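Shown next, in structure tokens, is the structure this report addresses.
Chains: A, B and C, in written order; residue numbering restarts at 1 for each.
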Amino acid sequence: MDDLSSLITGFQIALSWQNIGFMAIGVILGIVVGVLPGLGGPNGVAILLPLTFGMDPTSAIILLSSIYWGALFGGAITSILFNIPGEAWSVATTFDGYPMAVQGKAAEALTAAFTASFIGALSGVILITFVAPLVAQFALRFGPAEFFAVFLLTFCSFIGMGRENRAKILASLCIGFLLAAVGLDSISGDLRMTFGSTELMRGFDFLIVVIGLFGVSEILLTVEEGLVFKGKQARIDLMVVLRTWAGLPRYWATLIRSSLVGMWMGVTPGGAIAASFMGYGLAKRFSKRGKNFGKGEIEGVLAPETAAHAAGTSALLPMLALGIPGSATAAVLLGGLLVWGLQPGPMLFVEQKDFVWGLIASMYLGNLAGLIIVLATVPLFAAIMRVPFSFVAPVILIVCAIGAYTISNSIFDIWLMLIFGIVGYVFKKLDYPLAPLVLALVLGDRAEDAFRQALLGSGGSLHVFIANGLVTTLVILAMILLLWGPVSDLIVTARGRHAGKAAEAAE
Amino acid sequence: MSGSAETEAPERGISRRPVEIATAAILIGLGLIVLWDSYGRGAGWDNGPQNGFFPARVGWLFLAASLFILFQSFRSEDKIFVTYAQLGQVARVLGPLIVFVALIQPLGLYVASAVFILIFMGVIATSRWWSIALTALLVPLACFWIFELQFRVPLPKGPLEAMLGY
Amino acid sequence: MKQHWLAATAILAAGIGPAAAWEPTKAIEIVVPFSAGGASDQMARTMQGIIQKHNLTSQPVIVVNKPAAGGAEGMLDIQKSVGDAHKLITTSSGIFMTPMATKLPLNWQDYTPVAMMAQDSFVLWVNAKAPYQNAGDFMAAAKAASPPLKVGGTSSKREDNLIVFAMEKAGGVKFAFIPHTSGGQTSTQLSGNHIDASTNNPAEDVANWRGGATRPLCVFSDQKMTYSTPVAEGKSWADIPTCASQGLNVTYQMLRGMFMPGKVTKDQQAYYVSLFKKVSETPEWKEYLARSALVPDYRDGEAFVQFLKADEAKHAKLMGDAGFMAK
């Protein structure tokens, strides 16, 4: 109850006209940097930081955290329209979001993505509001063995069910792991698989690989069918938002499941990326329409977006309570705190009550302001699909090149993007699935690090992975999810044969 | 003119099997390189896994999967991978794109973008010349304004920008 | 709100006006070769704040994290940016150790030294609930432990790993060194009791010390730290005994400084030397030093270069002894 009155005070602080204005500016700027690959939250903050010195810390952090919300919402836009995820956690959104756009349902997909982000983020904020200290304590129970178990769970929930050519799934997964291993191995401090090249020493950045594999290759595939965009006959008006909303309640199970997965993954430091893949994987398995996933199912947009944003928001909690930023943008918020002489950590909640509750209140308001603003832009972004291909395609490719370059100021990376574009084109035509590759690339080295940290600590004994209730539960869950697909397949085939025989007998 | 013409006679093009085989062969080659590198650095167990342990295990799996794919490709029925008409379309995008990336180093990204737009829109030839020229001028300028002036993200620049003092 | 935008325009306009000596003409980028939230990152972001708050430059300052390859990514970036006077890099002893451990073609002599801002101490931390009251207890427990006690630190074959190696040699014991990606992660793992000790810098663990999750045993320096304002449990940094006084004879300190890319002009170097001299004299900087328990040690010009040469020779020996040199 003490918390509740603190929250109300927080709302009073956040709800001044001035602060609402800051929220709007922050959100709009956030969307801009979220849409353009190559720009991110840090760039937006760099512009605004000088302006914040005249403000009190609460207003300043409201302005800066609104950029965070805007960037979160903005990341989904390019995923859906052009199959180019701007952030790692938007990858799973492309699986169904882009097919929807191709079918002329870009506006529905955007609305679904934004609404799902809002629901996810809201559940994260509610979590922060009511159980912050408790949850922060829980996060401390995660050592390297538990980290590894969380990653294992993510892999198993996503991979176990694949029905494509299994050898190709395996090959694709291996490529992801191997790409992730290139560069400096943080456990031994040695370089791996760089073959003396300083360019390879940085390793393969996720964004470059994904811009190539998803974005560039998609453009190459599109032009095979002629030099036009697919799905440009979309009817676009603001009513689309309401019509889409009307259909959402029937996906309540997916929304709740993804929110829970997201909150869990955000607090345990699995993070938004793992959450989005797991949310998608679980929805595909447990939804009645799971078979249609990947062909433009709206549930396939809702599931990863809700999970990613529930996780992204819950991840702010460890940052505030423990001082560990979960993403580059969260790091910028952390930087903001430091500039004003606020030390994040367990004492922040005690010593800077006004500030913390003002920030939490602004999360509610910023998230809502973000939703309203992005929904208003749905027709605008959906209309991009009507611009002639010969104009949009070069602009997309130029922006992709800029995005690849800015990651580490290297022209070599633009070539890499191009090569991965061609690889993606060939792989798609030969039915190699790309999602396992991306998942392994993003989480592979972190999973490996955690595994080896755990074994360093246990003196090489594998017992560390069944050492306590938490880690054992996670590992068992992972095994269940891994085997669910093949086993249920077996059961279905067995039944099918049975039914077939029965039918024969009846004849 | 594009590949969408649905006729009974199969269209001419590159068939799928050689592409499958070539891809599998490349993957097998990569797997061998990974194994060679990992065992070179130590892929054993020394108080916990050595730094080549994981890549080596993944490398073996990868090799096995690639060999299986190679084996599969001989058995699967042969289809068209890409028709020559489609390949032509892809080349009309890929060609200008390669020229664009190659020009970034000497000319800077902005000038290269202008050249790219000119070639791309020219090759596709659905727009009037003045709209092509306008696009080629305005897109790089807009990029410059957003990235260089507003967000202060330095992009590669060439002799033209140097002449103008950037 | 309007006046803020006007203020921003004024700042931008100021950069265009003519100036006598060299002035930056675009945003200044500070490259941090570590991930966000670590000690180097905190220093860079504090400087960013101070520079902008006091209007010390006509152009904005951007902090960019380039943590890949244990900091080598950031160093290679500076190496490549020869002659770019709008780039700076925060450095620690990593500037010697990264090339030594990886054989990468990097050398600080190719960069332009600007200023050394401070020296950072290393402290032996344990979980607040751990039974050890001093370094002696801890080393005795380490001797008896099987499997060995786990000591966490940042990166492999870097500062923390050197200290742990020196502890093993000094006490005749064996530790399991667990590398993490940042000091913040190490501190969290320690407060969750997943490791037995860490050798974090003061700033990396201060939050958890104040929160009652971790506790310092001793500092790896010749002398105690000087800051006597109470931090937590009524104790100050100055109350932490030196490790040598508790029978653990290991000392190590690390420089924190700023470098520019190679081949910049004298004017450009002088601009940043005077900029960081001004930064080091602001009250906010002194507050930051006290909060992070850094040893104030500002050096520029020849004094800095001499320090670097001596420090490099020292590290070459330490790394060689520990067997961390790349073959």
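Just so it is clear, a contact is a pair of C-beta atoms (placed from the backbone, for glycine too) under 8 Å apart; a residue touches a chain by one contact, two chains touch by 3 or more.
Note that the structure is a prediction, hence the values are computed from the model and not measured.
Student: Of all the other chains, whose mean CA position lies farthest from subunit A?
Tutor: C
Student: Using the mean of all protein Cα atoms as the middle point, what chain has its own Cα mean nearest that point?
Tutor: A
Student: What is the distance in Å between the mean C-alpha positions of subunit B and subunit C?
Tutor: 40
Student: Using mean C-alpha positions as chain centres, tell me how far subunit A is from subunit C in Å, no decimals.
Tutor: Averaging C-alpha atoms per chain gives centres 32 Å apart.
Student: Would you kindly tell me how far, in whole Å, the mean C-alpha position of subunit B lies from that of subunit A?
Tutor: Centre separation, subunit A to subunit B: 24 Å.
Student: Counting only residues that touch at least two other chains, what does the list for subunit A look like?
Tutor: Residues 43, 46-47, 187-188, 190, 409, 456, 459 of subunit A each touch two or more of the other chains.
Student: Please set out, as single numbers or ranges, the residues of subunit C touching at least two other chains.
Tutor: 27, 60, 62, 176
Student: Residues of subunit B touching 2+ other chains?
Tutor: As it turns out, subunit B has residues touching two or more other chains at 47, 152, 154.
Student: Name, in rising order, each residue of subunit B that touches subunit A in their complex.
Tutor: Going through subunit B, the ones touching subunit A are 2-4, 16, 19-20, 23, 27, 30, 34, 37-38, 41, 45, 47-52, 54-55, 58-59, 61-62, 65-66, 68-69, 72, 81-82, 86, 89-90, 92-94, 96-98, 100-101, 104-105, 109, 113, 116-117, 120-121, 124, 126-127, 135, 139, 143, 146-147, 150-156.
Student: Using the touch rule from the top, collect the residues of subunit A that touch subunit B in their complex.
Tutor: Within the complex, subunit A touches subunit B at residues 33, 36, 38-39, 43-44, 46-47, 165, 167-168, 170-171, 174-175, 177-178, 181, 185, 187-188, 190, 192-193, 195, 216, 219-220, 223-227, 388-391, 393-395, 397-399, 401-402, 405-406, 409, 411, 414-415, 418, 422, 425-427, 429-430, 448, 451-452, 455-456, 459-460.
Student: Once bound in the complex, which stretches of subunit A touch subunit C?
Tutor: 18, 21-22, 42-43, 46-47, 49-51, 53-54, 139-144, 183-184, 186-191, 198, 201-203, 318, 322-325, 328, 331-332, 334-335, 338-341, 343-347, 408-409, 449, 453, 456-459, 461
Student: Flag every residue of subunit C that touches subunit A in the complex, lowest number first.
Tutor: Per the stated touch rule, the residues are 1, 3-5, 7-8, 11, 27, 35-37, 41-42, 45-46, 48-49, 52-53, 60, 62-66, 68-70, 72-73, 76-77, 80, 101-102, 104-105, 147-148, 150, 155-158, 161, 176-182, 184-185, 187-189, 191-192, 194-195, 206-208, 210-213, 284, 287, 291, 324, 326.
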